[in-house]
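Shared between the two complexes below is chain A, which pairs with chain B and chain C, respectively.
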Partner chain A sequence: MREKALNTYTGRNALASLILCGPAVLLYGGFIVLPAILGFAYSLTNWTGWTARPQYIGLENFRDLWSDARFSEAIRFTLLETVLIVLFFTFVSMMLAVILDKLRIWKGPIRGLFFYPYILSILVNALLFQYMANYREGAVNTLLRAVGLNAACQDWMGAAEWAPYFIFMLVAWSGLGFFTTLYLANLQTIPTELYEAARIDGAGPFSVFRRIQFPMLLPTLTTTSVLALITGINLFPQIVVTTQGGPGFRTFTIGYYIYYLGVLNNRQGYAAAVSFVTFAALVIIAGIQVALLRRRQVSL
Partner chain B sequence: MFLSKFSQYIAISLLTATFSGLLGCGAESDSDNVIRVTRNIGGREGFRKHFNTWKAVFERNNPGWSMELIDLGNVEGSEFYKSRIATGDLPEVLMTWELASFLSDSGHLIPLPKTYYEKFGIPIPAPYKGKWYTTQGGLQIQGVVINKKMWNDIGVTEPPATWDAYFDAFHKLKEKGYKPLVLGGREWSAAQPMFFALSVNMYDLVVDPDRPSWTKRKDLGEVSFATDPVARQALEKMIYMAENFVDKGALSDGYNEEQRDFYGGNGATWMMGCWMAGDIEPNKVEFDMEYWPVPSFTGRPPIYIKTSGMQSGWAMSTAASGPKQEKAMAVLETFYDPEVYQEYLNGECQFGEASKVPVTMPHYAWPAAQRLIENMRANLDKYGTTPGFHIALDDMPPPGIYTIMTRVMQEIMSGNHDVDKLLGILDSEWVNARKGT
Partner chain C sequence: MLTAGILFISPCLLAVLNAFKTLPEIIQSPLAVPKHPTLDNFIYLFTGVKLARPMANSFMMCIAVILSLIATAPMAAFSVMRRPMATGKFLQLFFLAGLTIPFQIIMVPLLQQFRLMGIQFTYFALLVHYVSWGLPLCIFIYSGFMSSIPKELEEAAAIDGCGPVSTFWRIIFPLLTPCTVTVVIFWGLWIWNDFMQAFIIMGPRSQLVFVQLWRFMSDKYVKNWNHIFAGVVVLSLPVTILYLSMQRRFIKGLTAGAIK
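Entry: the complex of A and B
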């Protein structure tokens, strides 16, 4: 009797789970998993996007990738941005979180100020920076001219030597609040007894950071570094809005290159191949990164 | 028990909503008596006026039918068309511009009969794979618009014939304190000078059916930018121009800044298509301008570039089936109604080419604009035009060629003066863009 009731209960639960999870699974499958599988299938074709039936060409797109100089340049540029972004979000955010954690007055408003750019759309942030970088009327050059530094005025997003750093600044400004908040949340979980014990032992702020906060922040460091890595590799909307990969081809990221190939050059098949290779590389890099950081956590 | 039932009801509702949503994707209310027409209106009032007149005349002549606008914005519509092809929902009449070959190759266009062109006296365009698809339109030219007072101040009253003569004049304009050239590097307009230099000097000015064009030979691998001395010379001219006459910070500027500089009386010369005349009145420009032909550096006489030679305009899609096909054809015929055609020429600032339609050129109420149009007309008769940058639809450079030239100009403006590298970019990107066609 009890068994029957249990079976009925389990059966009902299973039905309810299926019905409740069904839509989400269906949407996830339809809009994430299926396109990913189709993306790989398209990478084996020379589909332009204009025809209903793509033509199968085997691994030709992947072979072309090996000798694609533009792809190599895009990887180089993406890696430069990614290194800057990962270092910044991993360490500068951590430092900022430690400083903000010590605040005793205006805690909320000051933290809010740092978080505020993150709640703006990436597109809004990018447009804002594009305006700031404009040579003639941008805020940066207007400020420089106002203080008599006309010679220091630059085409911040137009000139090849400045554009990479201005793009980095845009990403850094937009994401700083989010990454800092992750660290702040982690800092709240450190038991106060540890700080008290350190104070009794006469530890200074640097020792407290090195001996208590840093080791305790390592799980978050793992998360932030992976998230920062993904932010760097996926750098795309900022490029579309600001430089469109220019001047010339100088600020092509992998994401923008995929867009350039697939959307602007009608090479959907080849763009899918680039996407797939990037995805595979990202999975491997993130896997190594997580494994290394976890080992470090264990050893600490 | 109650909760379990309640959660099931909620779940079933969610599931139904999801399925309904999915089924509804891509579907839209589609009346039987509506012909959908695409147009790149964006913020251009002249284009809107043309469409509204077209719609009014069509609906007046075809009671019970209406013409619906699908505004593509400031783009040519390739993304819109690709998404509609994917959902099987192309509009019945499509603005094609550079896209006619893509649309016809993928089987989405219905060819037009030769009688359509003969009825209105439209010059019959070169066929694409033996067929014609588009309305055509008017004669669109590209040249150099100048601020007459500034050029008169340095004693130049006639169009210079060579690039070097232009550069000499630019130096004199600079000495007089004028900005000799308005040129921004941020977007498509950066490519204009290179487009001019390559079009006039590299492309065949006379179409010889027995001799393949440069484009065809390039696609066959017989010629390349890297080995073509004319292409090399063109890039050297661009580098000289960027070094001497393009201001620091120009890479922040785009078409709007160029327009503002020129119409604001701050620049002497603007290498721009004839459509610029359509913006004279909205910008309240009062000074006198002239429209000069494109110079050469190979001994060819100055000439205007004709950019309307290929098959372009509006085409009928395969969505126009049954009675809709007849009405879609009526939409294309209404395009040549004199009232509609006049608005088209005004909006696009083109010259009439349909000999059986009593409309020949744009007419503007703004005196400076009308004076410029008359100068254009007179110079057009005097200097003539190229047969087209694209001689025929199947003789087109890859559609991305303009973007490639823009990027090469950006490279030059950001200090890359290595001609071999720049020519290499033109070659490799041509091949890349061609793979998408």
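Entry: the complex of A and C
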């Protein structure tokens, strides 16, 4: 009798769980997890084209990756961008946060100005940068011509030696406010007694930064550097809007290469292999990064 | 510092200035204040490009996604965090894993999946994708907030004979309002601004604002900057107004996922 009551109780409980969790599990499982698993399965096939039947070819795609010059080119370019992005977002936004934190007046509005590009669409930001970089009518060249530096004019997005830096600047501009805000939130948790003690001891702003702020900001530094790493490795929509990988194949990021293979060129099997290798690399790099930075946090 | 801040957003100001110029004037003097401000560019957007429909579509899409997320994510977070479930711990990790999956990995198989379901290139497919894509982060944000709600409330409700589902909607959900605001801001903005995923999932058929703007601007070899700038200004205006009216909420909402 009691057992039966218990059974109906757990039955109702399970039903409630199903109602509460079911929709989320179904959607997320069916349209995020399942495609991710299928993607791995596809990476073991020579699937080309939406209607073609994929054929199992084992690890051949992964073997091909080793000798794929375009892939290694894309890795090199992505890593260059990632290094620039990570350095910029971890250190420049930290500096900016320290400066903004000292402001007495108009703290909110100024902070708001720096955050503003982050709320705009990537497409808007990319268009603005593309406009500024334009050879004929771009703002950068107009300014250069105005001060008589006609020779310095460049097709900034079209020239292979400048395009990477323009793309980096685009990403940096869009995200600076976001990363600065993460640091600012952390700076506000530093107890004021520390600053007072430093002032009594006669510490200048530089040593305050080095001895107090920097060590206290290390937890956020871990977060920002990992987030910046993810931003860098997954760099992709910005390329689609601005250079589309050009000139030639000089600004292919890994993300754009996957899109190029899988969506534009019907090499879905191979594209899946590329995306899995990249994802695995990202997880490993981020893991090492977190481990290293955590160790440093403890030792301080 | 204020000057630095204004200089920082000068590209945006430039776009606003140039949106009121004719194309020859933009090319001749891109940095100057417009001599004869004109509204032609904006008029063209609504008569030539017909941007009003896509704007309405995007707005509807935002609402649909946000409502679906609010209907599913907080319930799941509640169930996983608060109820005795055999699979609770597993589900927590299961949803957390979603935060790490990049779009590039699921892109190609997802398209195939929608094809097999017969809903490829439809708004419904895009809606399904947006909601599933948003779920892990929403559940993450709600789960973090859930721990600040006292357990006694649920116990009291249970004693009064209130079932788990109605306990959630009547008692817990109203307390999660700050979280819900965050979710609305974050995903509303994200979906309004998105063009990449919409373009890949739905193709050029998707009548959403930024996809249309992108198609329109990549159409021609010579760029009509005057129309592009007008488009940029019009599409960023709703976001900018909301941002100006509740800046603190915005900044808090957009960084919520990262700080926790």
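Methods note: the second predicted complex is superposed on the first by the 280 of 300 C-alpha atoms of A that agree within 3 Å, B and C clash if a C-alpha of one lies under 4 Å from a C-alpha of the other, contacts with A are read in each partner's own complex, and residues count from 1 in each chain.
Just so we're on the same page, a residue touches a chain if its C-beta (ideal position, glycine included) is under 8 Å from a C-beta of that chain, and two chains touch if they have at least 3 such contacts.
This one's a predicted model, so the numbers in the text were calculated from it and none came from an experiment.
Within the superposed three-chain model, A:F279 lies in touch with chain C and out of touch with chain B [touch as defined at top]. After overlaying the two complexes on the shared chain, residue contacts for A:A160 are found with chain B alone; chain C is out of touch. Shared-chain residue A:G246: touches chain B; no touch with chain C.
Shared-chain residue A:N234: touches chain C; no touch with chain B.
Touch criterion met: A:S121 reaches chain C, while chain B stays clear of it. By the document's definition of touching, neither partner reaches A:S72: not chain B, not chain C. Look at A:W106: by the touch rule set out above, it reaches chain C but stays clear of chain B. Set against each other, chain B and chain C touch different numbers of residues in chain A, with C touching more.
Of the two partner chains, chain C is the only one that A:G255 touches; chain B does not reach it.
Once the two complexes are laid over each other on the shared chain, residue contacts for A:L27 go to chain B and to chain C alike. Comparing the two interfaces of chain A, the one with chain B and the one with chain C have residues 12, 16, 19-20, 23, 27, 30, 50, 136, 138, 263 in common. On the side of chain B, the complex with chain A involves touching residues 4, 7-8, 10-12, 14-15, 17-18, 22, 78-79, 81-82, 85, 102-103, 105-106, 185-186, 248-253, 257, 399-400, 403, 407-408, 410-411, 413-416, 425, 428, 432-433, 435-437.
Interface of chain A with chain C (complex): residues 12-13, 16-17, 19-21, 23-25, 27-36, 38-39, 42, 50, 99-100, 103, 106, 108-124, 127-129, 131-132, 136-139, 142-143, 173, 176, 178, 181-182, 185, 223, 227, 230, 234, 236-237, 240-241, 255, 258-259, 262-263, 268, 271-272, 275-276, 278-279, 282-283.
On the side of chain A, the complex with chain B involves touching residues 12, 15-16, 19-20, 22-23, 26-27, 30, 46, 48-52, 69-70, 133-136, 138, 153, 155, 157-160, 245-250, 261, 263-267, 270. Those residues of chain C that touch chain A in the shared complex are 1-2, 5-6, 8-9, 11-12, 14-15, 26-27, 30-31, 71-73, 75-76, 78-80, 83-85, 91, 94-95, 97-98, 100-113, 115, 128-129, 131-133, 135-136, 139, 163-165, 168, 189, 192-196, 200, 210, 213-214, 217, 225, 228-229, 232, 235-236, 239-240, 243, 247-248, 250-251, 254-255, 258-259.
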